[in-house]
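Dropping a structure here in structure tokens format, bear with me for questions.
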Amino acid sequence: MHRIPVGVLGASGYAGRELCGLISRHPRLSLAFASANEQRGKTAELPFGGTVDFIATEDAPLNRATLVFSALPHGASKAWVEMASTAGAKVVDLSSDLRIGNVRESGSCSVPYGLTEAKRATVKTADIVANPGCYPTAILLGLLPLLEQGLVAKGATISVSAASGVTGAGFNPRPDLLFGEVTENFRAYAAGNTHQHLSEMRALLAELAVDADLLFTPHLLPVARGILATMTVPLTRGLADPLQPWKVRYANEPFVELVAHPPELRHVAHRNVVRIAVLPVAHVRTPTLLVFSAIDNLVKGASGQAVQNANLMLGLDETIGLPA
Amino acid sequence: MHRIPVGVLGASGYAGRELCGLISRHPRLSLAFASANEQRGKTAELPFGGTVDFIATEDAPLNRATLVFSALPHGASKAWVEMASTAGAKVVDLSSDLRIGNVRESGSCSVPYGLTEAKRATVKTADIVANPGCYPTAILLGLLPLLEQGLVAKGATISVSAASGVTGAGFNPRPDLLFGEVTENFRAYAAGNTHQHLSEMRALLAELAVDADLLFTPHLLPVARGILATMTVPLTRGLADPLQPWKVRYANEPFVELVAHPPELRHVAHRNVVRIAVLPVAHVRTPTLLVFSAIDNLVKGASGQAVQNANLMLGLDETIGLPA
Amino acid sequence: MHRIPVGVLGASGYAGRELCGLISRHPRLSLAFASANEQRGKTAELPFGGTVDFIATEDAPLNRATLVFSALPHGASKAWVEMASTAGAKVVDLSSDLRIGNVRESGSCSVPYGLTEAKRATVKTADIVANPGCYPTAILLGLLPLLEQGLVAKGATISVSAASGVTGAGFNPRPDLLFGEVTENFRAYAAGNTHQHLSEMRALLAELAVDADLLFTPHLLPVARGILATMTVPLTRGLADPLQPWKVRYANEPFVELVAHPPELRHVAHRNVVRIAVLPVAHVRTPTLLVFSAIDNLVKGASGQAVQNANLMLGLDETIGLPA
Amino acid sequence: MHRIPVGVLGASGYAGRELCGLISRHPRLSLAFASANEQRGKTAELPFGGTVDFIATEDAPLNRATLVFSALPHGASKAWVEMASTAGAKVVDLSSDLRIGNVRESGSCSVPYGLTEAKRATVKTADIVANPGCYPTAILLGLLPLLEQGLVAKGATISVSAASGVTGAGFNPRPDLLFGEVTENFRAYAAGNTHQHLSEMRALLAELAVDADLLFTPHLLPVARGILATMTVPLTRGLADPLQPWKVRYANEPFVELVAHPPELRHVAHRNVVRIAVLPVAHVRTPTLLVFSAIDNLVKGASGQAVQNANLMLGLDETIGLPA
């Protein structure tokens, strides 16, 4: 069967290599090019076997790809997204450059926010999609049924304590990401509600007219991959069946798993799923739910969701080539 | 110098061996006996060198010890605490049997709750002390200045997301604690505010007349030791200097470290300290503080605090023999 | 397309669940049953998604399976292999009960040793195959070209230092396999050439008339999966191109990867491959080669190789359903 | 009691900070200065508490220290060792610049090799000591009794497979030392007998007139600290009591532990000891011993041994301030 040529810009990082691996196993896509300036001319191994050869980003034959994924760093991505689009390719941008909540400052026109389960119709017809951040994917998919149905108490604070594996920080040789610094350790960062991903989450809440605040505290886990968000949500009222909003909202979603017990990172690793558990809480007088949401930050939180969006944009079955 | 003989009941678990190690390096204590029924007759290695020989608990010469530590399992400890006390020894009980919030059910008389920084005066003169749980130690020491000064908003929910290393679950060969199940994993447990440690925390809040709820969600970390509690606290009012209550309350505490950035587990490992950071939060309309509290669950969260209490009960310098 | 029904006995351990996962993703096999006495009636999650329901082993409908995999413990497996065979099923036995070097004691008739790359022709026509141990798979595939071509110095000692992830020890709640005991640790075991896998390796050397000794020292790694064998082999003579014997012997092998640098565990994880590197050594006067061999102990070292053998026994493409 | 002022050059790496920590807890030493060019003006936390302030190396008041430790990088250290010596300080050099086997090339005069248990008398009277590498410390202390007593078979190859925690590679932000690359991984490096530490080991063998070859293969472990060496040694003859040479040689050594079972990394962590086990081997026709040797690479393998040497050079008790 004919394979659709796609290209990857910024392919040498963790998300980029994960993307090349997914493309290499995708039955309908073929990799037209993979760029990585610092590793131009080099070859890298892919997860689950196979290799990829890197070319310089400036040498990338943008016009040979029907769709281009940009996994370039924040700030550097936007210009290349525009070039790829001008060259006639559809684009999925994994950077934050074009995401809601970030673009207003630069005055850019908004492109659809590729949180697939929330924006499927818009993604299908888009030429450019801004792929969500990894934390927002876990958190927003966990909260979406409450947000859309107006169930969050007005003026309340949704307290989100989340933890991510180190690949979430990218393939950066930072001293604080060395094995010797991370093993047997655990710590919060961007504390005080200052994480860069907050803006896209707040933007989606605003779009959904949710009158509540998010307090988001990320932590660094001594694991390679995975994000778990533990969320305390004050409700407008108690729910007879707490899980009901999720059952209804996600009834036909191929990549959403509702589970009875708090989800574990290992059960979502290497998979393009979000696993959500919702629990009532004892000993608390105000109506409150505990929502847990777990993803693989490199798959559903980045490259898998990017392929999911690309599948839609290319008119393919949304689930094809994705590990459920 | 004369060494004071102390004994350890239930010495073969993680807390018990940590305790034997601390005693072996303590300049004023000597180990009179260490009991462990399943390992009677065996010898175990201690952290940082040295060994300990186990006898059967029923063979423990209680009357030869000036003070007895009980690290026996919950439920089994209480009877041995009473026997040791009857034999004339002072007792520090590391189980939950005699802690506030647990004793009411059994109708026992209350003994001082050994959260040293909160109960120093009572501990000094006590014959029996109930050593706090590891999570409560981290959480209550983190919150204490707010609790004591009535700064928590009435009726509010204090949301506590905490994570512990596996030694917090004890030296139990449970399948879910195997290396193959814990590595590269992260998960919540006792979700929905059902953890056994909640009762002693709620009891201390009640004692301090704090009219607020705790929502406590523990998680299992792929590390051996350490607890980090991340706490969202709604306040009665905004504070000009958020750290002020802690600075005042803990001005002269030898084992409390106030730090400017979120504390890391590795900086409290093997030490009898609690490290606390307090941060204001942006983008949240109600007065709210983020409080982080980190301890080594086996030291400040168990055996170190037990020695700290024992030092006071024996009239020794509170800090002697403890790694700060 | 028609799927061939296969069953798994002893399916709840690490190898058993890996096997069920491989079968669930195999395009030509279907899982007729999965037995696990202690977990009868329970459901387990599989790697990469999906679940499996366990029945009691005694309730396994052996006659409904064209082929049965036995992942029962050593000692318990043999009787069930015979029952499954009597019921008309072909059998792949993952235990050591029927492996060369082990059967002589019990006087059983030998069945083919399923080291596929060494025994392909025999496996194809066999009714029962004894799947090799994980260490022997890594070690023997690494050494095979030298062994078959008589290149090992007579009377010499092949020194094998190997290290395995904890899943190699099975899903056993042994205290020494707890996370708290394995993390940040490393140790040898079965030291002094006493490991149970030695007999099948010595038997294969004898079969190939290799007049040399193996000195095998296994170690326990703080990783979940993977085996790396580091082998020092004294040769009869120096080789102009050290890699030549491997290139020739493995020219058409789909699951053997010859690499220029020492192989890493992460590059074979979740894959049915063995990755081998061969290096000359400096500063040593006698002709000597260093051979490195890496596998995923649960895939190529157990369940993947079992499916590889089953594919051959069932007349399927050897590589089908296997992650290369 | 008077404390002797000592300085540390290159104090910001793993060995440097460990050294500062040991000095801060040493009852007879005080830290006169700690230099670290890239972190000048910054403060770092020490293991087990406390902090250290870094100055520029060029600002180090060498003449205020009775003894200077240099933990500067290989190549950069030698010049500073000479300056410190000229300024009147005794020096312990932790780099390889002045070690036996390395100095010949540059024509420098040899300084004593600070493998304390082998060179105690020379160290005591030395002005400068070259502290051994971490691997050589583990390996040579393990082999010393056989080497000194001529028990290694002539012309034989001693096969050494060793594994180290990542701190052995220093506090270098290399991509291959990131947590995401090391966790769940294991690999050899410097394969083919090419590691830089080989020269000092070969030099000591030559000095002891041992006519045998070393084949040394290091591996990178997913742990922070610790080295385990697994060594196969062909002997001139079988030994009635294999452990006898070690018992005799190390009868009065305060930091050598002979154990009956293969040593574990966790039992030597944070301690200045080497733990050695010696086992006979079955199924091998030539007289052969297995020798295991384990150390903490940052303590006995670097900073602890440096303090041990400094104690001797300063006329102090050799064991003072060192965690046994």
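For clarity, chains are labelled A, B, C and D in written order, and residue numbers in each chain start from 1.
Everything below uses one rule, namely that a contact is a pair of C-beta atoms (placed from the backbone, for glycine too) under 8 Å apart; a residue touches a chain by one contact, two chains touch by 3 or more.
Keep in mind the model is a prediction, meaning the values are calculated, not measured.
A.B. asks: So using the touch definition from the top, which pair is joined by more C-beta contacts, A-B or B-C?
C.D. replies: Top pair by contacting C-beta pairs is A-B.
A.B. asks: Tell me which chain's centre, taken as the mean of its C-alpha atoms, is farthest from chain A.
C.D. replies: Chain D.
A.B. asks: Provide the C-alpha centroid distance between chain B and chain C, rounded to the nearest whole angstrom.
C.D. replies: Chain B and chain C have C-alpha centres separated by 46 Å.
A.B. asks: Quick one: chain A and chain C, Cα centre-to-centre, how many Å?
C.D. replies: Once rounded, the distance between the two centres reads 37 Å.
A.B. asks: Centre to centre, by mean C-alpha position, how many angstrom separate chain A and chain B?
C.D. replies: Once rounded, the distance between the two centres reads 38 Å.
A.B. asks: Multi-chain contacts in chain C: which residues touch at least two other chains?
C.D. replies: 165, 181, 183-184, 222-225
A.B. asks: Can you list the residues on chain C that touch chain B in the complex?
C.D. replies: 14, 165-167, 171-175, 177-184, 222-225
A.B. asks: What residues on chain C touch chain A, complex-wise?
C.D. replies: The touching residues are 45, 48-49, 183-184, 267, 270-271, 273, 323-324.
A.B. asks: Quick check: in the complex, which residue numbers of chain A touch chain B?
C.D. replies: For chain A paired with chain B, touching residues are 155, 157, 159, 161, 163, 165, 181, 183-189, 191-194, 198, 202, 213-215, 217, 219, 221-226, 228, 230, 232, 234, 261-266, 269, 277, 279-286, 288, 290, 292.
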